[in-house]
């Protein structure tokens, strides 16, 4: 697609809430935030080929760092943004160094255990507010000098969430074009050949893992402001399954994939909900069915259909 | 041709868009030792693997395979094995975490088939008896090869396919292994032998099939083929010959 | 001091942990497969046992069988659905699929069994007696006995028996196993059925110790991870020792430091082991 | 250019390689022959530090024994594998660009902030990749396909091209002619000659006697993990030990 | 982005104007309820929602609010803050006049700021966290359930009265548990009761196996053991059962409000002898003779075939108090109604006279009970 069309589409997106009406606004904000969350996992899962189950930790770290800095030290939104991303990167670095030599399911197992333990710590540690979490997070305020940038509700938060989403899309697209992105794919697809092309596999893995954490933490930062409350529910496996589903549902290594996946999942939960339990079944089934029967994702399932349709006019 | 034990027709194997094997016809009769020779990548392993519908990749295999008159081309690999078509793949792989004894014990002939007894196997490969309680991984290349063949014999073969049994073996061992194979054939077991060591193979086989790039280049009794220049060229290079 | 009592607590807990982890041990050690829905299968096993005893009024031993059968069926179902992934040894997708499966099970269980807590009342848990100053129940002894029995059987089967040998052949080289006449698909199905049955058995025996809810299962998963990794990934004897060791650690850490951070502490042990001897685990060969 | 001294490799009780030494100079082709299982591939694994081994390795005079494999590649010691190796989910061109990108790629920051610079570099990389592919006889019409759907001979060439990457001081080839037919074989022969002419040191494991005898300056013969003989092709062809080991026991 | 401020002003104006525009006699007044209707506490949450509907029927019988009938909308927070926030947003979009919510404190804490920003009156029925009333999330907070401080006093008085010298605490290691224990200890000291903390065991919320902790308690030989565990679905009944099974000596005392009938149902015979305290009993004085309570209880038994428990009474009372306040100030305006309730007092509610402190906390009267034959028996 030509650049100007993309730019036009991006600008039009800003007016989506007006278009779709008020009820959709908060859904749009949540989709944007959770899509950002999923993009962090996306570059690890799709590009690096590892299943990290610790991305809920980065999400929660972003939110907790925001909550703590905003309520205890009075940091503004810029400060908490920096703090959230930095905290997540540091935790990812520690976890990455611990798991540097672990592959496949041992890696996943340890990251999963780390997520469960992080949840236990958040529940129990008074410094983090324990099971009651952190209340009283001030309004989102990115004002710079005379420029007033405040968001008190979802409608006002949309431009910022949307801008953050565009930035993340840009980041992921550019990452895939960068040396690190290409090298990560090499390490994923053929580690031996990559090594013989001079790629340091362990370093590449660590770099991508650490880089992915602030992306997911960015979502945590927005979520903390959107909810004005941070609690240990952020560690729930719901978020994990949500992220994974969004990444694999539409198709891996497809730039708009996680965004569309997240929109589908949350759209179903919001506008076509059959109750919490049935929604859980739907979410889990979507994940299972896609991976088992349409490994290329929905795009992979649709492509042959399109191909079948296309030759029709020539007959 | 009722005496044909193993027969393949129009056997075609393709990886992606690439034809790896195109074999109009191949037959193996009782008490016959057929050698399959050809350069690396000529499709020798592809041929024996395809007879079992077996592969480490995901090729497309089509064609007919008949074992003792029964069409087995559509059966899964393990069913072909149970019907008596045995393959010792390249490198003579064994289960490294099982001991020699376990490797042998695990190879039980399917119902209705009689496999070689342990005593008969030890008779053929006395070395295995000495290594009975060693793990498969601790065996030398030659011992592995023997164990792999012994395992197949235990499973009750109607026909045996051997993929490069001489790989990595000392010359003395190569001839030992091949002489043992000849003994099996003389006892009535038909064997298809893929071999890159042509000199050694020529000494034992009855017929030769020469493959090149997935197709049969020449085929015939070993006496007629022995001095075929194409055989020599394919292997040794004219400068050496 | 109550050290002896805590040791008794630890031994019972440890055998419960080992029993809970046994399905995973076999799954991983024998077939190189994983199941992240393990905890939810534990939950389903517990509820099936409860359903058979309370609403259906079946005797407890029959209820155990009902749970085990349900677990085996669930295992078969999961494996049948993801068979293609298994044959491709696509562990990445298998992990995610089983995780999603756990999510589905939790939702389905909430629909089927509701949100109310239940207690699995079993005759042995009503028999209480004192042992070295600690009050324990016959159920606790049953868990210890069952764990020892299952491990002993398994060691016999996996290390000596024909069944275990077949499974170990598939684990080491599924392709080569086909050439030995083994129906690899059936082995994979059987191993997953065993995993489901084993965790359901563990649930039917261990769950009477505490009330059950459809949201349980996460602690069991972590316990299983720790046991399996510490035990050397797939080693039967190793898992037994690791289970008992973890039970003792939990009891002593909880008794003398703080129960609030036991999960975190056992994870710290796990991490330490992985970092200090990442290749030294018996895993080395099986996992590569 | 490359010298290995006393390389040894063991897998458990199995001695795959024992006390093997050889060297290759710039602009020279060293052939390594020997029966299957003689330890030829192990020899490459040992040279490139991909297995635990004993012995020492020198590259351009400096000892590189402890340098990790990726470090060796960065120093210009590159290797192709016996099986065709590529990144199966990328197109042929993307494969080549990916390999070149480790050196010629754009850093993340530049990619984020200066996309035009990345685009320019990428165009340059693609141009370089196309040229390289053409040079390794991968015609341009195939560049947009996935490697798996190339003809076998072209796959082989692509594997060598990917190993070569942005250039190598020493290139180790493992049975490059395996499965190649007449025309492909000629191309390979030309290619090896051209790389040698450029001053690269080449080591070639090969079964195909025609090829190896015609391209190699010197030949090393391995048998049972040991170095049996080294010499010019003519010397090797005359060596009776070699004949016996390689061609099987004379009748 | 300067428009944001103006937008906000406009938004507030619309919010204020909306109820006025709709104030036609036939239009029902929408009341939102957000409780867990599924999951571990789903049954209890459903009961609370039903109780609010029962009260709505009573209010409508008496003429409704501002002459309009009350219509209750149920939402399920799934015990998850994130879901609670979504449900709150949905109710805001539906234009409810008030939201009665709160089973789990984290869910309440998450919803408070969202509702406060949207200008919707938010009444917390049950959630106990102290921060709910701190004003950080909602400056006009109102809560009916008793606070940790109020609860601590009753328990402390009981312990002092029985002369327990060696007291053990088995406490949930989070804000609620630690706060509750601190409140009891502070009151004990206030009463100048000399005691020794024989044991202090802390456990995570989700714990269901307390044998390790109870072994320590048992070894300490306490006169009384205080159980502080808000996990009514799993932890509390498990704790009671295991304490009995391990033959803990001395009295078992449960923190206020943690012994719902469901806890006793799961704990079974083990619950017998357990001492606790609570603020509502449907058939005990002064509630038994309170006509407002009797109407509520009989209507509930008729409509949902269930005798209300404390949680149901709190939910129903929340609607009752709000309806009284709105009718008095003749407005549905959030500020006006909240100001009437906070610091105010209402007669003839389910709880008799319901008085609220300035911070929105309802004053409660506690009564001690002991469990006998798996039933609560209130002590005079």
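Which chain is which? They are A, B, C, D and E, in the order written, and residues in each are numbered from 1.
Operating definition for what follows: a residue touches a chain if its C-beta (ideal position, glycine included) is under 8 Å from a C-beta of that chain, and two chains touch if they have at least 3 such contacts.
These numbers come from a predicted model, not from an experiment.
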{"item": "Smallest number of contact steps required from chain B to reach chain E", "value": "2"}
{"item": "Joint neighbours of chain D and chain B, given as chain labels", "value": "none"}
{"item": "Chain separated most widely from chain E, comparing mean CA positions", "value": "B"}
{"item": "Chain of greatest Cα-centre distance to chain A", "value": "B"}
{"item": "Centroid distance [mean C-alpha coordinates] between chain E and chain C, Å", "value": "38"}
{"item": "Distance between the centres, which are taken as Cα means, of chain E and chain D, whole angstrom", "value": "74"}
{"item": "Computed distance of Cα centres, chain B from chain A, in Å", "value": "53"}
{"item": "Euclidean distance of C-alpha centroids - chain B vs chain C, Å", "value": "43"}
{"item": "Junction residues of chain D - those touching two or more other chains", "value": "none"}
{"item": "Multi-partner residues of chain A (each touching 2 or more other chains)", "value": "120, 124, 276-277"}
{"item": "Per-residue multi-chain contacts in chain B, two or more chains", "value": "none"}
{"item": "All pairs of touching chains, each written as two labels joined by a dash", "value": "A-C, A-D, A-E, B-C, B-D, C-E"}
{"item": "Chain B partner contacts - residues on chain D that touch it in the complex", "value": "12-14, 35-38, 148-152, 175, 177-181, 207-210, 213, 224, 233, 237, 243-245, 247-251"}
{"item": "Residue ranges of chain E in contact with chain A within the complex", "value": "1-2, 4-5, 7-8, 11, 38-39, 76, 78, 80-83, 85-86, 89-90, 93, 105-106, 109-110, 112-114, 117-118, 129, 131, 134, 136-137, 173-176, 178, 204-206"}
{"item": "Partner chain C, residues of chain A touching it in the complex", "value": "45, 49-51, 53, 98-99, 101-102, 104-106, 108-110, 112-114, 116-117, 120-121, 124, 237, 240-241, 244-245, 248, 276-281, 283-288, 291-292, 295"}
{"item": "Residues of chain A that touch chain E when the two form their complex", "value": "22-23, 26, 30, 120, 123-124, 126, 129-133, 135-137, 147-156, 159, 227-229, 231-233, 236, 238, 270, 275-277"}
{"item": "Partner chain C, residues of chain B touching it in the complex", "value": "52, 54, 56, 76-79, 81-82, 86-87, 89, 93, 95-98, 102, 105-108, 110, 151, 155"}
